[in-house]
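Two complexes, one shared chain (chain A), two partners (chain B, chain C).
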Partner chain A sequence: MYGAVAQSAFQTQLAYRSQLWAHIFGQFIQVFFKIAIWQSVFGSLAQVDGVSLPQMITYAVLAGTVLSAWEWARLIQGIDVAISTGDIAVFLLKPLHYPLYLLASECGNLCFRVVAIVVPIVLTVALSYGLLPPASLLHGAAFLVFWALSFLIQFLLSLLFGLLAFWLMTAFSLEWLLQGLLALLSGSFVPLWFFPDSVTALVRHLPFAWIGFYPVAVYLGKLTPPQVFAYLALGVVWAAILGSGVLVLWRRATLRITVQGG
Partner chain B sequence: MAGAIGFMIRLQIKTRVQYRVAFLLNRLAQIIAYASAFSAIWVLIHKFETLAGWRWPELALLLSFQLLGYGVGAALSFTQMRDLEDSVRSGRFDTLLVKPFSPWAYLVFSGLNLGYIGHIVLAVGMLVWSLSAVAIDWTVFRVSYALAALASSAALVCSMLTMIGACAFVLTRSRYLYSIFFGLWELTRYPLNLFPAPLQWLLLTALPMGFMNYVPVAYLLGKPIVVVGELGGVLAPLAGPLLVGLAVLQWRYCIRRYQGAGG
Partner chain C sequence: MPPIIEASAVSKSFRQHKRFPGVLGALKSLFTQQFTEVMAVDGISFEIGRGEAVGYLGPNGAGKSTMIKMLTGILLPTSGSVCVLGRIPHAERSRNARQIGVVFGQRSQLWWDLPLVDSFELHRRIYKIPADRYRDNLARFSEVLALGPFLERPVRQLSLGQRMRAEVVMALLHDPQILFLDEPTIGLDVVAKDAVRRFLREVNRERGVTVILTTHDLQDIEQICPRLIVVNEAKLLFDGPLSLLRSALGSKRRLKLEFAADPGPVELPYAKLVSDAGALKHYLIEREDVSLVAVLSDLRDRADLKDLSLEEPSIEELIRSVYAGGDAQGRMSAAPPRGV
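Now for the complex of A and B:
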């Protein structure tokens, strides 16, 4: 049943074609302007902190496009609409678990965006600027696992923020707050290598780091195999913490719906 | 008409005051979001010292011009024009056409978005700080130039967002065009000399966003200006009024061609 939900989400996206074209255009601009920035700051430097320009171009594509392909803001907006219209109550009548239903539907959305946006951009950049292959077979395989974990953590964070709207009654501020946290702390734009020493210890251990930074660091071989497994384990711990947060909030939220219904 | 506009603005303020806590929380969240995005640029500069020859205080001035111009310009256009396609499709817009009041003024002022106060607060703070940290030899000309450039920046944003919205009269849809606008708008956080030449040309001719902040700020700081040169720098404050004129013509043209969304 959840498979059907994912499939239907995939097909719904096909219906909004002009929006899709605008989005693809925007994503292309994004990736090329990030590449322009790295080309400009690297200038004639061969390496900065042990990172080279070709590595940064690969970083920009992986962190900025591949790992950011999923539209987390749409999830928060969707929950907001479901709460304010009362549609959320309908899900309680159905024989499914609302958070799982959302996960299935967002998997469908992610697949669509990988096909429609990620593949064309990766191919274009690979042909025009060149992309580095993963550091080794192990690092490449680990990247795929880290990618799945990155999506799961993004999903759980957005769901957590979205469910908070039950109490705040406005998802607007939650969406902006998460946007700010992701822009700075996920490493989707500026990798955490370049952060000032005074804050690196902190930002490298927040869950946001597993969204953009660690998957690419693994891909580029910046982590030794034992480190790869250690950080994978830490990321799974964060996902588990966020997942339990979601379950607790969802249980409380369902109680609130009953109370409001009278 | 001025009385009616004043009344609409008072109504907006009253509505917002009703939900004071939510309003303040939303502004706080927006300030944090922008501050975070700017911090990422700060981290970059902290590591590499300059970005395309610009130091942090200079870049902060560029960012504050961008955010202030956008905050004021978008308060007078963005949400109103983004939602215009809905009122065109539902037919609600047609009721404005029979009112003895300019439909544009009604849309803009009845929907005046006071939420942009968060943008303005952050932008003014950055503006004051960056002006104290950069070396500009202030003369009467430069002060009036800076003020005119800020006003032009707001006018530029307002007219571009309005022109996109007016497309709804002809296309019945315009919302997706805003994502193109914002994709390019993000580029104006950086000095344009950072980008490849085709992009510089695009942002200084067909979509003249470069005049919002890059051209006037580079001129004030005495930096070389790409594509339009120093003469373009002097004339930058005219870009806003020019685009307002274009937007007025386009709005009138679209309204004349407007036949409603139905058949």
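Now for the complex of A and C:
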């Protein structure tokens, strides 16, 4: 049943073909822009803080494109519209769990964007600049697991922020707040390696780090196998904490709809 | 047979933030926590039996949608209780959802960007409808409501009339026992209204689906619902057959005759002249059995008749006369609740 929801989300994306072309184009520009920045930062240096330029290019593609393929802002905007128009009540009429419905539908969206945007970009960059392979088979496999976890944490964070719109009545500011937090703390643009040590100690343990930083660090082999499993476990704990936060918030939101009429 | 829907002394009030006018007022609203209680439904009770078709009628803001939302489990009553199919709807929302169908005239439940048939397919999988049931229902319903020509079109491209027909079909695909409709004909043209009404009547009579619809259009009631519940300003005004309401109120229809030139006095045995502007005359007809055809045949010799119309009393007029006639109201509350 939730599979059907994911499938129709995938099909819905196909309905907006012109939008898709604009997206692909924009994503391409972003990737090449980031690569250009790192090239000029590195200049003729072989390594900066123990990281080489090819590693940095791989990092830019993985964190900037692969792990950011899913559009979290659309989720928040969608929830905001559903709340402000009252359409959210319609979901209470169906034998569905709204957060699960959203998860299924966003899985469909992610799949679509992987096929339509991630694959072409990864292939293009691999052929033009070259991408590093995963550090080992284990690291490569672990990356896939971390990728799934990264999506789950992004989804739960966005849903948490989206549901807050019930009480704060404006999703717009929440969206900006989350955008700032993600850009800074997830390492999707600047890796946490380049942060000052005192800051990293904290940022490394926030859930944002599992969105961009850890998955790529695993891919590039910056973590030893025991560390990989330790950080995977920590990430799962974060997902569980965020997931229970979502459930609590959703329960209170339903109560609010049913008692106050939205 | 026990009732399928029971509402006992149901009330629903909403708290609204009190706002103050002007800029200073807006600032004041930021810091004060004053609320006003708005009563949307006030102590309403009724019972509905299996297979009934009930019209829930009232002017805008009378609390019709609020009642439907409580019966479908989207809203929790402030006091009193509702029971649908032996369950408390909001407590068992999901299980309730599988056995009821809901249509909101002003809110779409179709997937906006997908072809219509994909919305139906998604509905099938969410409600886990057996494939053969789904095929039969879809074939039958789309034939009666002529959905065929636009089944493959995305919902956002459908006209309002097409969309409403589709909404009704989707609400029935999972063979619900009860169909709730909130203003299903609002904004539709005459042809589309008629198609929806005829379909709903068929679904009620032939499939035995219990139908509850809110409306402020008396025609909906006349064609679909033998039983009528009238609410106004959150309170129950009347519960019984439409004919009883009519005769209790002595409700009158208004006949308008327009002539090319002033024909002098025109007498009709069953109609009372209420205004005479020469070429334009208004009458009131009290008898139920007088039809437009009868009026026409009486006037067939009048070659100068340009136009005529026979208007039903609007719901607002009916409600006004409920308030005006204290006697009629007494008779109405004595009307026995039906479907028990």
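The rule we apply is simple: the second predicted complex is superposed on the first by the 261 of 262 C-alpha atoms of A that agree within 3 Å, B and C clash if a C-alpha of one lies under 4 Å from a C-alpha of the other, contacts with A are read in each partner's own complex, and residues count from 1 in each chain.
Everything below uses one rule, namely that contacts are C-beta pairs under 8 Å (C-beta built on N, C-alpha and C of every residue); 3 or more make two chains touch, one makes a residue touch a chain.
Nothing here was measured: the structure is a model prediction, and the numbers come from that model.
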item: Chain B versus chain C as contact partner of A:Pro226, first or second or both or neither; value: neither
item: Which superposed partner A:Gly26 touches (first chain B, second chain C, both, neither); value: first
item: Chain B or chain C, by number of chain A residues touched; value: B
item: Partner chain in contact with A:Ile257 - chain B first, chain C second, else both or neither; value: second
item: Touching partner for A:Leu92 - first (chain B), second (chain C), both, neither; value: second
item: Partner chain(s) touched by A:Ser8 [first = chain B, second = chain C, both, neither]; value: second
item: Partner chain(s) touched by A:Gly50 [first = chain B, second = chain C, both, neither]; value: neither
item: Chain A to chain B touching residues, read off their complex; value: 18-19, 21-23, 25-27, 29-30, 32-33, 36-37, 40-41, 48-49, 168-170, 172-177, 179-181, 183-185, 189-190, 194-196
item: Residue numbers on chain C that touch chain A, as the complex places them; value: 14-15, 66, 69, 72-76, 90, 93-95, 97-98, 102, 104, 107, 109, 111, 113-114, 118, 121-122, 125-128, 154
item: Touching residues (chain side chain B, partner chain A) in the complex; value: 22, 25-26, 28-30, 32-37, 39-40, 43-44, 46-48, 51-52, 173, 175-177, 179-180, 182-184, 186-187, 190, 194-196, 199
item: Complex interface listing, chain A residues touching chain C; value: 1, 3-5, 8, 11-12, 15-16, 85-87, 89-90, 92-96, 257-261
